[in-house]
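You will see two complexes here that share chain A, one where it goes with chain B and one where it goes with chain C.
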Partner chain A sequence: MSSENQSASGRAEWPLWEIFIRSKQGLDHKHVGSLHAADAQMAIENARDVYTRRMEGVSIWVVESKYIHASNPDDAASFYDPASDKVYRHPTFYDLPDELKHM
Partner chain B sequence: MPPLLQYTLHLADDALILGHRNSEWTGHGPILEQDIAISNIALDLIGQARNFYQYAAELANEGNSGSVTEDSLAYLRDGWDFRNILLVEQTNGDWAKTILRQFFFSAHQVDLYQQLMTGSDKTLSAIGAKAYKEVVYHLRWSSEWVIRLGDGTEESHTRMKKALDELWKFTGELYMPAPYEQWAAKAGVGPDLSHLRVRWEERVKEVFVEAGLSYPPAEWMQTGGKEGRHTEQLGYILAEMQFLQRAYPGCNW
Partner chain C sequence: MPVQDLEKIFQDKIDADIRIEPKDWMPDAYRKTLVRQMSQHAHSEIVGMLPEANWITRAPSLRRKATLIAKVQDEAGHGLYLYSAAETLGTGRDELLEQLHTGKAKYSSIFNYPTLTWADMGAIGWLVDGAAIMNQVPLCRASYGPYARAMVRICKEESFHQRQGFEILLTLSKGSEGQRRMCQDAIDRWWWPSVMMFGPNDDASPHTAQSMQWKIKRFSNDELRQRFVDICAEQVKILGMTLPDPDLAWNEERQHYDFGAINWDEFWNVIKGNGPCNKERLEARVKAHEEGAWVRKAALVHAEKRKNIVKKEIA
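Presenting the complex of A and B:
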């Protein structure tokens, strides 16, 4: 086996990064997916190549996946159900002017 | 053949052949994300080549029956008609060699296209303006990889040095002007290569310092590609690239 193959099989995987892209000025960054990269700089460039080929974005954020902390799906009942009968928490009683976008 | 046509073909051939070389990585990249990156660069280059070939076809058809097309220029010319530099036809080798070849070429192309933009030929200047932004990214991407590998592990550094040994002798041709390039500089269509050379050396030295690579001393350089004298590598590329059009003339899908 060539040294190339050996080093490839013994290689540590690059860390995983979560990618957030803002499609237009004024909008939020949205999660679009994840990819592997050796560091933040490479993650941004990889994101540019993987996720903005069709002009999807004007700004890219990357976060190493290990720094994302997620809620536990088992907690769903105590986390979310209590809100479901409290409609007064929703600002649905206002009429929004048509000029307001992205609400 | 008028010098403007030769010059345009030279620009087209450089872009097409390097684009084709890079496209050989598609599906074989070291990691999915870089497979996409090198394929994007391949597509950019082939897009540039198409623009130049379309213009070349227009020039070639002036005052005759008009049978030349971008496809006939890419698929039906033989090796000695191609005016690409030897650097771009060299084999991919490993990732280090592909990266370094791209870096050497992008470090040249970025200033070349910028100068084309201000040149006196409207079409070439428009193509240069469109392609310049693409090349800025190619240069950035390949520079970072040269630094990453040169200043990486012992193995990546060794591979980068080997790539440098293999490719350096093909860099001199970038700045040895062919007659049509001398014409272009005089006519204000293209840049004076001796000016570009200074910028190229600066760019390469800057990146090499960061990459921990030493800038090689002046040595004998391979030349000939710009006037159709190629290494054996071009023949293999054309055999693969042109096979379909030659076996099934005019076919498409």
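Presenting the complex of A and C:
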């Protein structure tokens, strides 16, 4: 049994999984929450019972939470800085006459 | 960055209605308040399954049985949404459960009352879930993102719970003399505990001001309680029943119903563990957890074994 399954109280805890659900064909999978399960198969079955009791999904992804890497919110200001002064990436930046149609 | 600055950034975000997310800096007291409130709510959902499960095998028809099972399943789901949200604050599931099982964490006192007749299933749906909805709808805008999102999910599902409860009472209210009596009796027993679900009066609720500043709470206990009384006082007329409060009367000037004094001694007594079912509920919870221990262990060992088989096949 791997050490990350040992909780603070020292007992074995099922690993945590992040759950992503596609609500209908054509839409992205979206994060809905997490749950504990012994393995991926159980995580998918539990996700069905916890997050799709009312047909909220047609497809489920599960990822063990320890494999999620995230950006650091404390660095947000500098991290997203490169995009903040590039207004010319937006169509409204360009000054064009009102007569111009279909653009 | 000095703590004062972090605190200012934090409060500015809250004031601007920007949600706080798990990895954002937050004051320790905010984190603690949230873990306490969310886990208490999660525990309430889980313990809340017990009084209703009591009636699944004795539901009067297949339709009633199927809906009651679905409602109890929802409650398990609601508990899990909330545990999952609480875990984003760094407190593990085992720890949360241990707090419940050792009595360190509380759950809603309402579940320490017994469910004596089938009509109680109706009264719980109408009054207990009704009070819960009144409390929960504003929480959909709580400042902590994972909490607010869990509450949105929960509120969507609660509406069925309340409607099925009212339907049970409505059916009984049109039934025989005995059924009508049973209906009134359930309302009589569940009314005051439901009114107490909103917690102590505002002047006796020390955390309210801080929770409102943090936008965890949006309305005070007394505001929500008044709203609940106003709505139920009208709805009970449709049942042709009465609420057990001789002081209940419409106040034209306030545009609200006046209602009688709440028995706070009873409230605190049940919270302290002396309600009719405190011991029974906790024992049932602990028993279920302990008897499931070998399943949790076996599933882990099985998962480990399967992983090793896959590894060998690849090698």
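Definition applied: the second predicted complex is superposed on the first by the 76 of 103 C-alpha atoms of A that agree within 3 Å, B and C clash if a C-alpha of one lies under 4 Å from a C-alpha of the other, contacts with A are read in each partner's own complex, and residues count from 1 in each chain.
Keep in mind that, in the parts below, contacts are C-beta pairs under 8 Å (C-beta built on N, C-alpha and C of every residue); 3 or more make two chains touch, one makes a residue touch a chain.
Keep in mind that this is a model prediction, so the values were computed, not measured.
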Based on the superposed arrangement, let me know which partner A:A77 touches: chain B (first), chain C (second), both, or neither? neither
Could you tell me if A:R53 is touching chain B, chain C, both of them or neither one (first, second, both, neither)? both
Touch check for A:E45: first (chain B), second (chain C), both, or neither? first
Check whether A:L96 is in contact with chain B, with chain C, with both or with neither, and answer first, second, both or neither. neither
Comparing chain B and chain C in the superposed model, the one touching more of chain A is C
First (chain B), second (chain C), both or neither: which does A:A12 touch? second
Return first, second, both or neither, reflecting whether A:S34 touches chain B, chain C, both chains, or no partner chain. second
Can you give me the overlap between the chain B contact set and the chain C contact set on chain A? 7-8, 14, 35-36, 38, 42, 49-50, 53
Help me check something: in the complex, which residues belonging to chain A touch chain B? 4, 7-8, 14, 35-38, 41-42, 45-46, 48-50, 53
Mind pulling up the chain C residues that touch chain A in the complex? 21, 23-25, 70, 73-74, 77, 80-81, 84-85, 87-88, 92-95, 98, 146, 149-150, 157, 296-297, 299-304, 306-307
Where on chain B does chain A make contact in their complex? 30-34, 36-37, 40, 94, 137, 140-141, 144, 148, 155
Looking at the complex, which residues from chain A come into contact with chain C? 1, 5, 7-9, 11-14, 16, 33-36, 38-39, 42, 49-51, 53-54, 70, 72-74
